[in-house]
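Just so it is clear, A, B and C label the chains in written order, and each chain counts residues from 1 on its own.
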Amino acid sequence: MTPDATPIEPLVAVEDVHTYYGKSHILHGVSLHVDSGEVVGLLGRNGVGKSTTLKTIMGLVHPHRGKVLFAGKPITSLPAHKLARLGIGYVPEDRRIFRLLTVMENLRTGLDRHGMTEARKQELLEKAFSYFPVLAERRNQAGGTLSGGEQQMLAIARAMMLEPKIILLDEPTEGLMPRMVSQIRQIIDVLHREGVAILLVEQNVPLTLEASQRVYIMEKGAVRHHCPASALKIGDPLIQQYLGV
Amino acid sequence: MSKRSATVYWIGFSIILALLIVAPLVLTEFWRRFLTEILVWGLLAMSSDILIGYTGMVSFGHSAFFGLGMYGAAAALLMVRPPNLWLAILYGLVGSAGIALFVAYFSTRLRDIYFAITTLIFSQIFYVIIFTWTEVTGGENGLTFRRPALEIPGLFSVPFSSETLHWFVLAVVTASYLILRRITQSPFGMVLQSIRENEARTRAIGYAVERYKMTAVMLSGLFAGLAGVLYALQNRFAAPDFVYFLVSGETVIFNVMGGIGTLVGPIVRAGFFLLLREAFSRFFTEYYLIPVGVIFIAMVIFMPQGLLGFMRRWLNQ
Amino acid sequence: MSTMLGLLQAIPYEALLIQTLNGIVTGMILALIASGLTLIFGIMDVVNFAHGELFMFGAYMGVVVISATGSFWLALVLATLIVALIGAALQITTLRPLLGRDPLTTILATFGISLVMQNYALWQFGPVARKIPEPFSGQFTLFYLEYPWYRVLIAVLSAAIIGGFYLFLKYGTYGIWIRATTQDRVMAEAMGIPVSWVHTAVFGIGAGMAAASGVLFGPLVGVNHAMGLDWVLKAFIVVVVGGMGNLGGSIVASIFISLLEAYASIWVSPAQAVIVSFVVLILTLLFRPTGLFATPK
């Protein structure tokens, strides 16, 4: 975040990662990095390996080759729950709310951990509820009864309970009404102001370009293009090439 | 199968068969009995391989089929005078087929563990019925009877000696093996295997999966019943212990240890298991199941390729 | 009218009442066993064939501790803890490597465990049944019967253990971890929950509950190496009837089936009364394969 040019270690670095599902080779040497406090967009068509990249970082699938570093330390073979404790928050594509748990209990899955004081828990909860007042209203309702947008908010709030240094956001606006989309957009900005880094996978290109500082474009399991978000425009031929239908 | 490997197969088959035919002439009484018993348990193991190995349904209820085969044979031998070998087989098969139909009807609606648990519970139902219905089944003591003569009506009739009994069992088991082998290689057997590999897809192609599964359970039950008849003939009794689910568990063990989906594997391992039991029971007396259990657990964990045809699946990819 | 009266008079009300009490007592014991079984299935897809042996081990631990210390209550606590640890150790050594494989492999592995445990018990303790003395011997008069207070206590204690466990699941941090893991193993892991330890803990808790019911039930029957078999079978029926993995359903089904069996044994022998629960099972499979008490999704 400091303006001087001393090279800082990236918060998350993915180096030449190859990931398989069973026999199918999904990631063919993906490399990317996210610095502290930075919002980075990850664009690409369906099925090019964006979600798998996030899962690989989160330790939900383990790569056959390549490395994942967190603040300079290798985390490639660590189990996901250790990564969550290190400060990686994960908001998956299908949100994966604990449907039978109440909103409050969903939040407590991330909140109840070692070294948390009651005061700190309360603080985190109040912050989340101030961002998402609707969750406060519904705190005793089962997660499965929330609307799609509310579930998305809960998924983000739940990840925030981990006090993450980075949040992996997978298609947060998918299937949401425009009003909800702009709310998600705002929350990305809020998290950014608080210094939380975000790796954002999105189909919504304008939103991604607006919200991110840098973007990566993926195709066929590898990163094909990498540039500052401001260097790309909606009508850019690159966008047409990699994302156009 | 290529022509060459078919030749090799049949040569191997003939050699083993010849050895099994000659064996009783050179073995002592104890080992002769032992060998016959291996064949009987091998048939039981083979019958359950149709379900476990070929269709991918783990049955924990084969003791019911086996036991009903025993009691069916007992019924024929006790009620019909003079006792007749072929009637014993017929009654045994009818008994096990009836039970198999019942079990098949209910349990094939269920998959995986639900199927396993249901077959287990069904076998226990029959156990309880047999155990408590003392007037008919002899309850805990079971039924004892005399062995019928080996006869072919109109041709000859001689009492069984332990050699002829062995040859008779060998003939039945060999015939069963050949029939089952033919069945598993037939189009019907292919459908069973495709159910194992992907039930939904098999259904989508248009096969009536339930009907195939029911037939598989019936077939499996019938051969298990046949094994029960042979066991009854060899030992001249029927007892509720053989309906108890431990027998089903041992059957599953034969299969898992033997490499599922091979038909021969289960026979070999039935032999291996009985030998192991014999050996362990000399060191550990009646606690031989402790080492057997430990070995079994280790195989489940470390040799999953022996399980459920996973190996085959890998090879196919 | 008179035939109606005759029928009404023919109902053995006193026997019914006594059997209701008996049914509730065995139902609570069964619920204690089945809730561990269903929880273990729900969270890790493990069908624990060895559950009855954990129950049996609990009873034997009870015998051992009582003969050493003379205290039933100490035996109850120690047996529960020891078997919970044994269960956790079994989970780590044999079930953890199977995670993610076909659930059928877990049946096979736990079947192996049950063989080993049963024969180990036979080897250690011999074939002669042992006895756990009742912690107290008070009775009250129920019609023509002297009904032991201890039986009532069993039901109350089982209910208390189940209730305590329910509260733990509902409000405790680890309870929330367990429920979250049951619903979505992967997401729970991503929220920082150490899922494999949750599995171990749940197996341990289930084993401990089975052990507690073994000690509680010990005074009513002899303790022997094969005592787990009947119970595990019944517990399986209950778990299927209640809906696999559904805790509330198993508890209700335990009491339901035990009551039915108790009533049936007014007319037939207890061994035959078991058939009633088989019939319930068959009907359930026919009409509600997801469980009689399952909440439809």
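Observations
As a convention for this text, a contact is a pair of C-beta atoms (placed from the backbone, for glycine too) under 8 Å apart; a residue touches a chain by one contact, two chains touch by 3 or more.
Note that the structure is predicted; figures quoted are calculated from it, not measured.
Among the chains present, the centre nearest to the common Cα mean is that of C. The interface with the largest number of contacting C-beta pairs joins chains B-C. At the far end from subunit A, in terms of centres built from Cα atoms, lies B.
Subunit B and subunit C have centres, each the mean of its CA atoms, that are 33 Å apart.
Mean C-alpha position of subunit A lies 44 Å from that of subunit C. Inter-chain spacing, taken between the CA centroids of subunit A and subunit B, is 56 Å.
Within the complex formed with subunit C, the subunit B residues making contact are 58, 60, 106-107, 109-110, 112-114, 116-118, 120-121, 124-125, 128-129, 131-132, 249, 252, 256, 286-290, 292-294, 296-297, 300-301, 304, 307-308. Note for the complex: subunit C touches subunit B at residues 47, 94, 97-98, 101-105, 107-109, 111-116, 118-120, 122-123, 233, 236-237, 240, 244, 269, 271-272, 274-275, 278, 281-282, 285-286, 289.
The touching residues of subunit A, when paired with subunit C in their complex, are 58, 60, 79-81, 84-85, 90, 92, 96, 98-101, 105-106, 108-110, 112-113, 158, 162. Remark: subunit C residues 173, 176-177, 179-180, 183-184, 186-196 touch subunit A in the complex.
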